[in-house]
Structures are given as structure tokens and as C-alpha cells.
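Shared between the two complexes below is chain A, which pairs with chain B and chain C, respectively.
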Partner chain A sequence: MGKFHYSWLLTAAAVLLLAGWPLLFPDAVHFQQVLGLTCLYATLALAWNIYALSGAISLGHAAFFGLGAYASALLNHYCHWSPLLAMPLGALASVAFAVFWNWGFQRLRGVYLGLASLAALEIPKTVVDNWDRLTYGSMGLVGLDRLPVLALGSFEVDFGLNLQAQYYLLLGVMLLAAAVHRQSIRSRWGWTLRAIRENETAAQGLGVATHRERGRALLLSAYLAGVSGGLYAHIMGLVEPALVFNLHLSVLPLVFSLFGGSKMVWGPVLGAFILYPLEQLLLMPLFPMGHSALYGLVIILTIFFFPRGIAAWLPANRKPA
Partner chain B sequence: MWVGVPIIFSGFFLGSFYALIALGFSLILGTGRAFNLAHGEMILLSGYLAFTLWQYFQAPFFWILLICSLVLMWLTIPLHFLLRRLPEPYGLNTLMVTLGLALLLQNLLLACFSADYRLLQPDWPAAAIPGLDMRFPWQQVLLIILALLATAAVHLVLQHTFLGKALRATIQDREAAQMAGINVNRMALAAFGLGGLLIGLAGPLFAQNMYLYPAAGVEATMIAIVVTIFAGLGRTRNILLGGWLLGLAQSAAVFTLGSKWRELVGAALLLLLLYFRPEGISLKKENG
Partner chain C sequence: MAASKSQACLEVRQIKKSFRDQTVLREVSFSLGEGEILGLIGPNGAGKTTLFNIISGWQRPDSGSVVFCGRETTAWPPDRLGRAGLARTFQSPQIFPDMSALENVLMGAWLRREPRLPLPRALEEAGHCLFLVGLLDRRHALARDLPLAQQRLVELARALATRPRLLLLDEIAAGFSRAAVQRLAAGLLKLRDRGLTLLLTDHLFTLLEAVADRLLALDRGEIIAQGPPASLIRHPEVVSAYLGTRYGANAGGGA
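What follows is the complex of A and B.
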């Protein structure tokens, strides 16, 4: 029981730290922006990892991210829906793609699933790129509504322009995703996914509907990735095919989860909060070109030297989950 | 002139090059069991090396080819020793490590050469074919000749030498080959070396005929994967056939739909192939 309390204490301290620091440094706007985006990519990494819990390595999550971004942007552009409505509904486009994915790739495992997911990214990218009348093709959609202003009486919070408020919103979304992710590991369903990952035939023998459960993980994962895509569209105010269907967005969650520890509750978040600020705040000013080389190096080093990720070094996680 | 002629010519031209790209990938995958996602980036590396040699040292093209092949071969062999140390699941781990390598190379190229488009452009005259009202740049003719020569050479090595026999045995059944006294690790080393030579050869040709930019490698890798999965491992003739079919499909798509659809052709073919052959290219069923 002692360990249990200890890990709760650590989590609470980390959350307090993340929630508290902007109050101490209200003028560090650049840091708030970068850490806000860190929360966004951590959400994407958590989404990716829910699918990875079933043993699948996806290289195509940029497709879900981009579809969520585009659906939300189109709803906002043509129907003038508020981002608050467009984002959660737009993410359903990602879910629709996930249904197609789950049907098309049902017999693929391991390496071939990875290769197929890499190719799957091209489908929405090319369609969006060529459907000029709807999506404006490679020009992209610009001038999207920013995140809205929340008014409670005289108290107003502008999530679009006030970067501190935006940071808190993104932190909140990330914590929600982390709660979903935690449930996906700790619940009975989490054990189902683990069984599929470790030995699919044995899981089937125990009565696990492997195809359905893996599909569930994928749909949940796609929805969360779609929401983070929608958030991205309205934070930036624009979407472009080359921007949101970028292979880089498939690699980021993989790197974060792998480095942090893809079997740990806080692994993806830990990975994102170490690597993304390191790249953006430290390496970017030093190497304006090619600073993403960090991620490539991190993948190689992680697989060779600590394949369970750095979260495995935390005392609470010494045993694999 | 009939509209099909440029489609067929450009398909044939692209396809021969695709076969050359896929050949190295297929050898490395078949013998070394390594999914080299950095394949395209390594071709780009060789291409940029060729570009540098041409731009700053005015090296003649023959020397460029020779230097690039040897350099890339000596870069691919350490990769073999690196990948050999990976734990199981081997296929998936090589996939991720080489993905990291691809990212690393891509960013190094970006840092060294910026994102500008580069082309190695010697001022050679265009070749005319008597009787046809078409002129081909010499670069394209050279590419077709070299790609076919390299494919033929690999085919001869695989089919008519003892090394080739051992390589094919390793591709077909690793355990049985080991039992027959073949050192499969040494065969993997040979395959990486040969693959590196082919990568090095493809680089300067890439630099001459297609634009070099740091993100171009992903498409080349994708093409190598599509053709390899179509052809099966260690089947040189099928690789050539697959390359031509893919080239034809792509040039048909470009001429009829527009150049933006080209990348989808390879991806769609890969998805179709995987849908109908989910175990991919392995001769036996196994868990990748």
C-alpha cells in the first residue's frame, strides 16, 4: 500500500507543478505557448498509446489528427459552428476513418500493420489535397475562429488570445486524456488489451473478442487524436494538408510514448514534457534547421538502451505494468 | 502521336529506377530480416554526396558513381552490426530503429543542404530515336541502362554463383540454411554490403533525374516497400516487373489525373497488396 500512496503523491505534485508555474511566471508567454503545445502533443501521444496497448505500432496517427483538424475547420468555415462544438463533432471524422482502418487492416499484425498505417496516411492527405472545391486544396483553410471567450458574469477568459488561459485549457484536455489512458491500463478492459498484446491466440482461447477489443482501442485512440487535431486547427487558425497530415505528427507520439514508457500510465506525458520543450526551447535556437534530428536519435537510443522507457526508472514502476 | 507513348516511356523509365531502388531493400529485408525504413534517406544521402562532388569538385560522372557506391556500402555495413544487436520482436524493432535513423538523416540533410530543391545537371545533349519524334535526355537513357544492368548483375549473382545460392537459401529458410552450414550472419553482411552498393548507385541517378530535397526519401522508401511486397523476396524478375507496373500506373495517373495523385498510387497499391496478402512477403507464416 505504501507504494500506492507514493505514486499518488508524485502524480499530485506533478499536476500541481504544471498547474502552478504559470501563476508564478505570468509573463513567460513563450514558455506558456510551448508547454501548451506540449500538452496538445502529449494528448496525441496518450491517444496513440491507447492503441499501442493492444500491441499495434501505428505510423498513421497523423491521419486521425489531420482529419479531426480538417473536419473541425470545415464545420467552422461552412456552418460557422463554434470551435467548442466543431472540435468534438469533427473528431468523429477520425473515428469514421478508424472504422475503415479497423476493417481493412484486421488481418495485419506487427510490421505489416505499421507499413499499412504508413500508407493509410496518404489517403486522406491526397483526397484533401485534391478536393479543391471543398477544402481549398493545398492552399488550406485560413481565418478559422480562434478558441472562444468564456464569460461568467464579468469574469472573462479568452482561450484564443490569452496564452495562459490556453495553456490551462490544453492542460485540462491532457489530464482528461490521461485519465482515460489510466483507465485503459488499470481497468478490466486494460487487462484484455494486455492479453491481446502478449499472446493473441491465448487471449482468443480465453474468450476475448480480440478483433472487437482492438477495434475499440483504435476508435477511442482515433477520437482523442481527432480532438487534438481540432484543437490544433483552432489554436493556429489555419489548416493545410502538408501541415496536419505530416508524417512528423505520426512520429511524435511514437517517440514520446516510447521514450516515456509505453506501458506506463504517465509514460507518454513524461516523454512529451521532456522531449518537446527540449527541442523547442533549447535545440531550436541553436539549430534552426534540423532540430528534429533529436527525435530520431531518441528512438534509436531508447530501443537499444532502455526499451521500457524512462518511466520504468521511477521507483513506483519498477515492475512492468 | 498517340497519348500512350509518353505514358509508356515515362512508366518504363520510372519503373526501371523503382526496380533498382527496390532491389537493395529486398536483399536487406530478405537476408537480414531488417525493414530498412531509412532506405530512401540513404539514397538521398548518396544523391547529395553526388551533388556535392559534382558541384564543388567537378568530378566526372563515372567517378561519382564509383565513389557513391563505395561510400554507401561502407555506411551500410555498420548498420548491419547495429541492427544485429536488436532484441525480439526483431522486425518491429528494426522498423522503429530505422525510422529513427530516417528522421536523423533527413534532419542532417536539412541542416547541411537546406530544404532547397537540387538537381545534378550535366549539360549533355538530348538523344533522338530515329523514326520517332521524341527526344530523350541522356540522363534518362543512362538511368535505364544502369538500372537494367544492375538488376541483371544481381540476378546473375543470385542465380549463378555459390554466394547467390547461399543468399537465396537464407532468404527462403533461415534455419534450414543454418543447418546446411551456411553462416547466415555472414550472408546478412553480404546482403547489406550489396544493398549498400545498390543504394549508392541509385543516389547519383536520383540526383540527376529527380529533384533532391530532404523529405524526398519517404516516397522512395514507400516505393521500395510496395515493389518488394509485390515481388516477394529474392525474385529479381518479379522486382523488375513490379517496378515497371508501378511506374506505368504512376505515369498513367499523372498524365490522366494530375501530378498530385502520384503518391497515392503507391500507397493504394501497398494497401491492396496487404489486404490480399496480410502475411506480407514471408514465405512461411510468421509473426512479423
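What follows is the complex of A and C.
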């Protein structure tokens, strides 16, 4: 019980800190922007990790991110749907691709699945790149509606232009994804995923339909990644294939999750909140051309020195979840 | 002992299986009554594990069928058979290495669909299953840190936690001490008394003699003899299969 109170206390303190600091520093807009994007990439990392909980390492999550971004952008551009509607529905395009992925890669495991997922990223990217009449090809779509203004009586919040409001929106989405991620670890289904990850033969022997359960994890993961992509499209106001299907977007969630601790409830969030601000606020001004090398270095150090990630150092996480 | 075993829990009908040009099982047929313990013996390469794999859904036969609890299950995948009440252990124990012994067994009790148990009840049941195999004091040890014999017991406890109707044990006693075999035999007999049906294979005749109602001897994919343990292990063909024809002839004389 002590551990239970301790972890909840730590979580509450972290959430309070994340929610409170912009009120103390309302003029730190650059920090609000960077930490807002940190929340977005943390959401992507949480999405990636839900699939990884079943033992699958994906190098193609940018496909889900990009499809969510493009579907939302197209719905907004052609059907004039509000981003609030286009984002959650556009993410279904990512789910559709996940269905194809799950069927196509059902026999692949380990490094082969990783390589296949890397190759799979090229499919939607190439389609979007070449379907000029629909997607405007490599030029991308510009002038997308920004995130909307929320009005409650005389109280108005502009999520599109007010970076503080945008930060809170992205923080809220991340916390929602973290709650889903937590359930994906702690629930009975979470233990099913863990059983599959640790020994698929044994899990199957216990009556676990391993392909179906891993597929469920992938669909959930793809949906959350698609929502992240939709958010990105409407924050930036544009989408381009080279931007949203970028391999970097497959690597970021992997690095954040491994560094933070991919078996820990808060691992991917912790990884994102340490590495992304470090890269954007410290390394980018110092090394404008080579700041992304940080991620390569972090992967190597993580694998060699703390393979369970830094969240494993927290007292509440001394054992894998 | 086999009086109440009129209803077949498992029927294996004319199973044939080949790998490329090598025939591993040749029209193997037998049945196993509810609450019966059947031991499967045979030298290495006789086809015992292949037969286990076919019964538990890990391999498909070339022809023939498997009927489990009155339903044809030949084409069922292992997970469906697991949900239907068939559990097994493997020659090389299949554990969850990064889980403790208790968590391993908990997987059996908690992931089971019928009846669904809340976590505290599932934990209680997992503890009880570990107690049955004599590993309660090692419940917090990581499964990968346990010696192989104890990993086998963890796997057995986890199989029991699924509350199976039929339990297949593939060389469960390999590496066990004599005392451990005796404890295991006593435990298996208790389980049988509670209505569990068991099919087991082992090279240790002491275990099979102690628990099996019936033995079935397999050699080069064929059933060469079956009957009560005491008579079967002196059967000339069985002795020949294990020790060669010279010993088999002598055994025939002495039987």
C-alpha cells in the first residue's frame, strides 16, 4: 500500500508541476511551444509503446502518424470539417492501415517485423507523394484550419494561436493517452500483452489468442498515433509527405520509450520530457546541424547501460510492470 | 481404478504424420477416459512429442483426427484448446522468464476465461497451485533464476491454475531427484482423484509405474503394446524397443 500511495503522490506532483508552471511563467512562450510539442511526441511514444508491450518493435509508426495527419487534413480541406471532428475520425485511416499491417505481418517477429514495419512506412508515403490530384503530392496541403477557438460565454480560448492554451490541450491529450497506456500495462489485458511479450508459446498454451491480442494493441496504438498526427497537422497548419512520414517520427517514440523505460507506466513520457526539451532548448542552439545525433547516442547508451530505461530507477518501479 | 472411465475425454483416431519422407506416426489410435492416467512410453524418436503436439494443436496430422471432450479438435489452434480445458507442459519448460514463480502461475489463473476471477482470488488460487507443487517458498523468485526442475514445476502449477480437464505432461520429471519424483507421483494421484485426466510421457518408469492406470508403448510411430504398467514394462517388444532384440527375447522368456 505504501508503494501505491507513493506512486500516486509522485504522479500527482508531476501533473501539478506540468499544469502549474505556465501560470507562473506566462511569458515563456518558447518553452510553452517546446513543451507542448513534447506532450505531442510523448503521446506518440505512448502509442508506440502500447504495441511494444506485446513484444513488437515497430520502425514504421510514422505511417500511422502521417496517415492520421493526412486524413484529418483532407477532411478539413475538402469537406471543411472542423479539426475537432477531422482529427478523431481521420485517425481511423491509421487504424485501417493497422488492419492491413496486422494481417500482412502476422507471422513476423523480432528484427524481421522491425524491418517489415520500416518498409511499410514507404507504402502510404509513396501513395500520398504520387496522388497529386488528391493530396497535392510532395507540395503538401497548406492553409489548414488551425486548432479551434473554444468559447464558453465570455470566456474564450484559442487553441490555434494561444500557445499556452495549446500546451494545455496537448497536455490533456497526453494525460488521456497515459491513462490508456497505464491500463494497457496494469489491466488483465495488459498482463495478456506481457505474457505474449515474454513467451508467446506459453501464452498461447494458456488460451491467449496471441495474434488477436497483439492486433488489438496495434489498432489502439495506431489510433493514438493517428490522433497525434492530426494534432500536428492542425498545429502546423500544413502537411507534407516528407514532414509527416519522416523516419524521424518512427525513431522518436522508440528512443523516448526505450530511454524512459518501455515496460514502465510513465517511461515513454519521462523519456520525451527529458530528451526532447534537451534537444530543442539546449543542443539545437549549440549545434544547429547535429542536434539530432543525440537520439542515436541515447539509444546506444540506453542499450549498454540501462536497458530497462531510467524509469526503472524510480523507487516505485524497481520491478518491471 | 479405471471403473468410471467409460466416457472418453480424448480420442485419437488413426493419426498419421510425416516430416518430408520420414514417417513419424503411423495410424496411431487410442482413447483416454475421464479421470484416467495414461502413460506414453517409447525410446527417443518414437513419436511421443509429435503426438503431444498434435493433440495440443501445435502440429496438424497428415490424416486422422483428435476428439477432445466429444468435439473434433484436430484443426484447433493451441489457444482454442487451452480455452477448452487442455493444458500441457513442454520438454523444454515454457515459462515467463521475467516474472516471479507466483506471477507465472497467476497468468494461468487470471487469464483463464471461465470462471473469470478477480485478481485477489486469482492470486490466492495461484498460491495454492504453487503449494501443490511444493514451490510456495520460492514464489517471489524470478522464474529464469530457478533451476530447470523447478521451472518444470512452475509450468505444471501454471497449467493446473488453468483448471484443465486434460493435462499433458511431457517429460515432467526429467532431472528430478528420487524424492521429488515420489512427491510428484503422490501429487498427480491426488489430482486424478479430483477428476483430472492425465496423459504423460517420461523416461522414468518409476513415475509411470506409480501413477499410470495404463501404459501405451510407441516405437517408430506405431503402438507396439499397451496395458497395465507392471506387465507392459516386461513386454518383449517394449524391452526390445528400448534395449535391443537380444534383451527383448530374454524378457519374453521371463514375462
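Everything below uses one rule, namely that the second predicted complex is superposed on the first by the 321 of 321 C-alpha atoms of A that agree within 3 Å, B and C clash if a C-alpha of one lies under 4 Å from a C-alpha of the other, contacts with A are read in each partner's own complex, and residues count from 1 in each chain.
Here, contacts are C-beta pairs under 8 Å (C-beta built on N, C-alpha and C of every residue); 3 or more make two chains touch, one makes a residue touch a chain.
These figures come from a predicted structure and were not determined experimentally.
For the composite obtained by overlaying on chain A, chain B and chain C can both be accommodated side by side without a clash. Chain A is touched at more residues by one of its partners, and among chain B and chain C that partner is B. In the overlay built on the shared chain, the residue A:282 is in contact with neither chain B nor chain C. Within the superposed three-chain model, A:15 lies out of touch with both chain B and chain C [touch as defined at top]. When the two complexes are overlaid on their common chain A, residue A:199 makes contact with chain C while staying clear of chain B.
Once the two complexes are overlaid on the shared chain, A:107 sits against chain B while remaining clear of chain C. Within the superposed three-chain model, A:209 lies in touch with chain C and out of touch with chain B [touch as defined at top]. Of the two partner chains placed around the shared chain by superposition, chain B is the only one that A:57 touches, whereas chain C remains out of contact.
Remark: in the superposition on chain A the angle formed at chain A by the CA centres of chain B and chain C amounts to 80 degrees, rounded in steps of 10.
Contacts of A:290 after superposition on the shared chain: chain B is touched, whereas chain C is not. The superposed arrangement places chain B and chain C with a least CA-CA distance of 13 Å. Residues of chain A that lie in the contact sets of both chain B and chain C are absent, per the superposition on chain A. Taken together, the chain A residues at the contact with chain B in this complex read 57, 59, 104-105, 107-112, 114-116, 118-123, 126, 129-130, 138, 247, 251, 254, 258, 287, 289-293, 295-300, 303-304, 307.
The touching residues of chain C, counted against chain A in their complex, run 56, 77-80, 82-83, 87-88, 90, 94-99, 107-108, 110-113, 119, 155, 158-159, 162. Contact residues of chain B toward chain A in the complex are 35, 85-87, 89, 91-93, 95-97, 99-112, 114-115, 218, 222, 225, 229, 258, 260-261, 263-264, 266-268, 270-271, 274-275, 278-280, 287-288. Within the complex formed with chain C, the chain A residues making contact are 188, 191-192, 194-195, 198-199, 201-210, 320.
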